[in-house]
Amino acid sequence: MAGQEDEGTCEYMMKQLIAVIGGRRTEKALLLQAEEVGRLIARNGATLICGGLGGVMEAASRGAKSEGGLTVGILPQNDAKSANKYIDIPIVTGLGIGRNVIIARTADALIAVGGEYGTLSEIAFALQMEKPVVGIRTWDINGIICSDNATDAVARVFELLGS
Amino acid sequence: MAGQEDEGTCEYMMKQLIAVIGGRRTEKALLLQAEEVGRLIARNGATLICGGLGGVMEAASRGAKSEGGLTVGILPQNDAKSANKYIDIPIVTGLGIGRNVIIARTADALIAVGGEYGTLSEIAFALQMEKPVVGIRTWDINGIICSDNATDAVARVFELLGS
Amino acid sequence: MAGQEDEGTCEYMMKQLIAVIGGRRTEKALLLQAEEVGRLIARNGATLICGGLGGVMEAASRGAKSEGGLTVGILPQNDAKSANKYIDIPIVTGLGIGRNVIIARTADALIAVGGEYGTLSEIAFALQMEKPVVGIRTWDINGIICSDNATDAVARVFELLGS
Amino acid sequence: MAGQEDEGTCEYMMKQLIAVIGGRRTEKALLLQAEEVGRLIARNGATLICGGLGGVMEAASRGAKSEGGLTVGILPQNDAKSANKYIDIPIVTGLGIGRNVIIARTADALIAVGGEYGTLSEIAFALQMEKPVVGIRTWDINGIICSDNATDAVARVFELLGS
């Protein structure tokens, strides 16, 4: 099979998992940033992981898909139907917001775009796990690397991951 | 980008997630069945999900990768390094065996190959969620569809999923 | 304060946590057994732990309270209001049936009274953790100690726990 | 049995569950505050809930027990032995820091004493759930009610809970 390309299958060579975290209800400007972050993650050959729902999560997923990237959604609900339509791999946890720890644990690095208390819990977990967290107009927490745009944020993440 | 094929990226078109569940320590004959189950899942265009560790999980993952399939491992530990080497997407839960419910919840259908008490908990959750569970030499639980080989087991799963 | 007894406070001296597991919808005869199991757990000075909801869980909690015992409910929902009225300490997990692993993990021993697939997942987890599981008309799983009445079941549990 | 008092049993009449959250490694002054918070929670007839480990959690538990209160520890590990010695009811989750969401979900209100990123995740969850969070020298997060000593912090919590 090696070297052969069947419809619907692929050689998966992406290694890094980058999370995009942020709120469901977010202003337009931040959604555009999130979408660009998603695009750049995919263009850098990484897989996007997120909470799988709307707002920042959906914008980032749409961005990643527009570049042919792979998207993983860690869903709080009991049903894959709750995923936004750009999610390739819906991980259906049924754990409610208890799933936030899995996003932080699974990601190699995180980019926070805006975000409310849910995002803050993910930031806190990620920093506790000593993972790189880059933030665009998000919580001002000691340990977050601040950035003001998608290009810079993604560049910093890959620089930190040494790739 | 559409229609273009970059190295390391792909159009992901696989829709169904089939879990292979079973023990870490298993006899050779069952490992061969698990590997064949993995191969057939990938050949049918589905994504393999499993617990990400050794034994039946590793054999099924190896089978799926040999056919260019995608593999997702729902890990109990805190670190992606605990995944077997055939896992493409390690979901690092840090939840211990509490992660078993996520495997059942995420899968569209499950195939149990042998297995001890951990596998039994996954079977129980899956049947509670009214998902198809096909078993090859596994627990004798009301609701499991018994099969005696990989080809038959996978055929039944896709028949039940209507694809 | 020591030695003094205020209204509403107490010296807590109960050491063992015994789980009663079983279904929400259960026939009358089993509910009576569950209530008797709860009574005997409390009379033996142990604390009752259960899933906190109706059916067998409620019957066992009512039994324990009728003897002045303490009851802990590990709830799947997001709200303590979902607990039955005999629960003293509602642990509100919001994890759905993912909370089943916590019941098994927290209990020193478990008594299963009837039960469907949810109960089976708890039995499986408990046996994986090598905890004593005594069953009254429940799943026929290798490792369960079968009993046919509450008195015998509770006696066996405390015998196994060496108390 | 009602009205009778057996050794080791009690009529449980405490209704409110107050969480004390904070770090394992904390300076002496904060530990004294945490112990006083624990004492006052018990004196007000509430049950203490915490993460069950050392530092602030242990100090608060010790305080609560010195007043004859009841203490619940939501443990990350797989074993009740990891609980500090002042925990009456060890809830053994095996979920690692994923258990933080349960502390926030179960508490009627929370008092944060100092704390690092783990505490921040609990604060974030609690505020997302719209629960009162009073903080003594902890994270400066919008939504936290700041206090500078145990007496004031506990008074505010019970005022907010309307009791």
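Going by the order they are written in, the chains are A, B, C and D; count residues from 1 in each one.
Operating definition for what follows: a contact is a pair of C-beta atoms (placed from the backbone, for glycine too) under 8 Å apart; a residue touches a chain by one contact, two chains touch by 3 or more.
Predicted, not measured: the structure shown is a model, and the values here were computed from it.
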Taking CA centroids for every chain, report which one is farthest away from subunit A. C
Any idea what the CA-fit rotation angle from subunit B to subunit C is, to the nearest 5 degrees? 180
Determine whether subunit A and subunit B, two copies of the same sequence, contact each other through the same residue numbers or different ones, counting it as same when over half of the numbers at the interface appear on both sides. same
So what's the Cα centroid distance for subunit B and subunit C, whole Å? 33
Whole-angstrom distance, CA centroid of subunit A to CA centroid of subunit B, is 24
Per the centroid of Cα atoms for each chain, what is the distance between subunit A and subunit C, given in Å? 41
Mind pulling the subunit D residues that touch 2 or more other chains? 78, 93-98, 101-102
Please give the residue numbers of subunit D that touch subunit B in the complex, ascending. 78, 93-98
Any idea which subunit D residues touch subunit A in the complex? 96-98, 100-102, 116-118, 120-121, 123-125, 127-128, 139, 141, 143
Would you mind writing out the residues of subunit C in touch with subunit D in their complex? 1-2, 4, 6-14, 17, 42, 45, 47, 66-70, 72, 74, 78, 80, 88-95, 101-102, 105-106
